[in-house]
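Next, two complexes with chain A in common: one pairs it with chain B, the other with chain C.
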Partner chain A sequence: MINVLIQGLALSGLYALLAVGFTMIFSVGRVLNLAYGVYIMLGGYMYYTAVQVLGLPKIGGFAFAIASGIAFGVLTYTILVRRLEDNPVAVEIATLILAVVMQSLIILIYRPVSKSMWPVVQGVFRYEGVFVTYNLLVAMVVSWVALAGLLLFVRYTRYGRAIQAVSMDRKGAVISGIDPRQMNLATWAISGALGALAGVFFATYTQLNPSMWVGPLIVAVAVVVVGGIGSIIGSLIVAHIIGFMETFTTALIAAELRGVFTMILIIVVLVVAPKGLFGRSEL
Partner chain B sequence: MKRQSMALLEIENLEAFYGRARSLHGIGLEVEAGSIVGIIGPNGAGKSTLLDSILGLTKAKGDIRFDGTSIVGLPSTKIVRMGIGYAPERGHLFPFMGVRDNLLVGAHTVPKDAEKNLATVYGLFPALKSRERQETGTQSGGERQMVSLGRALMSRPRLLIVDEPTIGLAPKICGDIASALRRMNQELGMTILLTEQNVNFAMHLANDIHVLETGEIRLSGSAGELRDDPQLREAYFGN
Partner chain C sequence: MPKSQFHRYLLCWLAFGAFMCLVPLFASTGMVRVLIFANFLAIFAMSWDIISGRTGYISFGHPFLIGIAGYTTAILTRHLDAPLYVSIPLAILATLVGGALFFVPALRIRGTYFALVTLAFMELMYQLTQVIAPKITGGTRGLSGLKTIILGAVPNYYLSFFVMFAIAFCLWLIVRTRIGSALAAIRMDEEAVTALGLSTFKLKLFAFGTSAAVAGIGGALYVHYIGSIAPRALFDINFLFTILVAALLGGSGTIAGPILGAYFLTFLLEYLRPFLSGAERYLIYGAITLIVYVLEPRGLHSILERAYARIAPALARGFAR
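Right, the complex of A and B next:
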């Protein structure tokens, strides 16, 4: 039982990191970025390419993954989203198409087969019947450090406050001399970086394959829908609800059903509390 | 040849549009440096649209010059950086941020002066200092108005534009707001352009008054002149 709890905690930390980049874009730009899963996939494939194909050290793998996440986030915003800014539905359609296009590109380059990734850290932690891979523990710690850093940045720096301001009242931000487009661009870059970082660990937790962007996207959507919020703390709470739910489902019922319950949760919350459990959409 | 004018803000033949509908029809007015100018008029006259146009927040045609430079068509953020502060209708505060963070956002363009300007704002509105951490979404209308004025002040603008500072406020609070505005004008040397439905408040505070109705200026003059104007008395004072 303790084992399940620790597994749940570690997975939840990873999910929180997965989701927070998505919720940030939602709260600042008021759009759902359905290409978000691509940042995660890109993070995994770029790390794999750097470390397992090119033989670079792991730190180089992370740098490569995060840089490509940032680049892809910035490109998505400048080329696509900024032009469709006033139309959230168009943004959703366009980003979904982008995700499918990227899936095809990945298939073309890396073949449609799954690849396994070496864990970032080898070994298994064992203690009195508890066993968790070091890889998942490291993922959890990295997630928490990244999330804490993000929280401090948003709350206590000038640019962080400006990003929050745009998310809470666009006109109020503009008349304070803040350019919402600049803050949106920064948010997309941060989102790409967080997604790619999460992607490296997610790919080692599961596998690399061209449709791996779907699962994390559902988790991220679930966090926005269930939380009804773009708040970072709120994302953390909901990520833990989903993480524990999936771990318990896997341990007690069947591993195949774990994603199903997340989707059922999305539908239940949409029907029962359409504004989400916390009902606030600012960062 | 440079015009002999002391006006900090000059508006000429200004038209503003909401979609295709024109809501301002050729407005012209000047705001002298160091003065307080009031625009009065009923709801829907176009007061907020006029102020939004100065900040570049609506589609506008005509000319608006700030300190001699034309600002029509410039991005709002640039207009703010030139030295215009705005406390808009309904405040547009950041509801889930505390008072202090709301004010600090107002200093986005002048990060080095943030602490100094914060002290100035707290000096004008001591009530805000004791509620630094309170989220503005949970505050009373009067407190929110103080935060809104304070946020506009944080960039230490040369021209402060205020939209209906007393709307929905109790008379006692209106008095506090009036004295704060007067101190900003006299002690901080700020030029102020404000709109009001409360004619007495505007007359009391402003040097010059313009009456705006259905997108046009009907009447202009010094507060003293207009106080005795029979047309205005009939329309606004009902006696």
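Right, the complex of A and C next:
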């Protein structure tokens, strides 16, 4: 039982990191980026390329993954989203199409077969019937550090507060001399970086394949939907609800039903409480 | 719509129908088979467009509706040995129930969130068909060796084309009425429609029902054409992607658009086959659609319409001379 709890905690940490980039874009730009799963996939594949194909050190792998995440986030925003910005539905459709395009690109380059990734940290933590891979524990720690850093950045730096201002009131921010487009661009870059970072750990947790973006995207969607409009703390809470729900389902019912409850949660919450369980709050 | 314009459109429909009837006379069997897929894709794209293109409720779950129809008729014919004239209507009925499931969230939410619910419906169905009662649904591998309605490429072509044509024609007649205008008004401003004293509830119910029925007809016939069904082939983002792309590329909110898009995509696929054999073709599909979508959200239909408007006066002058 303790084992399940600890595994749930570790997985939830990873999910929080997976979801927070998606939440940020929604909070600041009021659009859903369905290509977000691609940042996660890209992170995994780039790390794999750097470390397992080119033989770079792990730090290099992370740098490579995060840089490509940022680049792709910025490109998505400038090329696609900026042109459709006033229309969230158009952005939703376009980013879904973009996600499938990127999936085909990955298939074209890396072939459709699954690839297994070496864990970032080897070994398994064992203590009195508790066993969790160090990899997942490190993922959790990295996730907590990244989230804490993000929260501090948003709350206490000028730039972060400007981003927060746009998420609260776009017009008000403009009046105060903030350029919302620049803040949006920064958000997409941060989101790409966080997605790619989460993607490295997610890929080591599962494996690399061209359709791996769907699962994390659904988790991110569930977190935003259930947590209400993009608050970082709300996302953190909901990531834990979903993480524990999945771990318990795997441990107590059946591993195949893992995703089912997440989906039911999305449907039920949206139908019963369209504004999310935790209501409206800012970043 | 003025009477003369009505007659001109009617003439276009008849010419299109007549031309497509003649196609098997000169096309190869391979081409006819390609066209069958185009017809089915056109049915699915039209079904998507009734909800999403007209009322603005974006459905990311159309494979869910098509899948319900497909699985119902597949299970009925496979396990209960039901004849097709029983199983197909039942499948359409089941799809209407599925459409009603879609309708419930649409009463409360719209826009981006509605699309997410329908997406969740699709993914839920994908996971459930594999886990629950795999003996009946065939689990991950699905069911194969299903009955076919008729054999041969040409008869199947005529069947798929007539069904597609009949659906398109009926939809065209419907959207020409005031119901069509009211549905388009919902997309623009739902509150305004309510304020006019119209029941958006009934209008949406009508749109969802029609869409589900069309998806049901298409899904049931499609499954009996290809003879097999599997969760990954149906409840898949790639399938959703193909439907979306066909409707958007052709031009959503029109009848001819989704048909145009479906034909365009299927032919593109055929010409790309020697260069890109597998899933890579989605790269080309998606890239083309994104470019068209960003530049002209109303698709090829609108581009062609404008081109025609530019050429028509010149042509008329040419004839007059």
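One rule holds in what follows: the second predicted complex is superposed on the first by the 282 of 283 C-alpha atoms of A that agree within 3 Å, B and C clash if a C-alpha of one lies under 4 Å from a C-alpha of the other, contacts with A are read in each partner's own complex, and residues count from 1 in each chain.
The rule is short, and it goes like this: a residue touches a chain if its C-beta (ideal position, glycine included) is under 8 Å from a C-beta of that chain, and two chains touch if they have at least 3 such contacts.
Predicted, not measured: the structure shown is a model, and the values here were computed from it.
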Simultaneous placement of chain C and chain B on chain A, clash or fit: fit
Contacts of A:V145 with chain B and chain C, given as first, second, both or neither: neither
From chain A, separation angle of chain B and chain C (C-alpha centres, steps of 10 degrees): 90
In the superposition, chain B vs chain C on chain A residues touched: C
Touching partner for A:K171 - first (chain B), second (chain C), both, neither: first
First (chain B), second (chain C), both or neither touched by A:L80: second
Chain B versus chain C as contact partner of A:V101, first or second or both or neither: second
Overlay on chain A, chain C to chain B nearest C-alpha distance, Å: 16
Touching both chain C and chain B, counted on chain A across the two superposed complexes: none
Sites on chain B touched by chain A in the complex: 55, 57, 75-77, 80-81, 86, 88, 91-97, 101, 104-106, 108-109, 111, 151-152, 154-155
Chain A to chain B touching residues, read off their complex: 158, 161-162, 164-165, 168-169, 171-179, 280, 282
In the complex with chain C, residue positions of chain A that touch it: 31-32, 80, 83-84, 88-90, 92-94, 96-101, 103-105, 107-108, 112, 210-211, 214, 218, 221, 225, 254, 256-257, 259-260, 263-264, 266-267, 270-271, 274
Of chain C, residues touching chain A in the complex: 56, 58, 60, 104-105, 108-109, 111-113, 115-117, 119-121, 123-124, 127-128, 130-131, 237-238, 241, 244-245, 248, 278-283, 286-287, 289-290, 293-294, 297
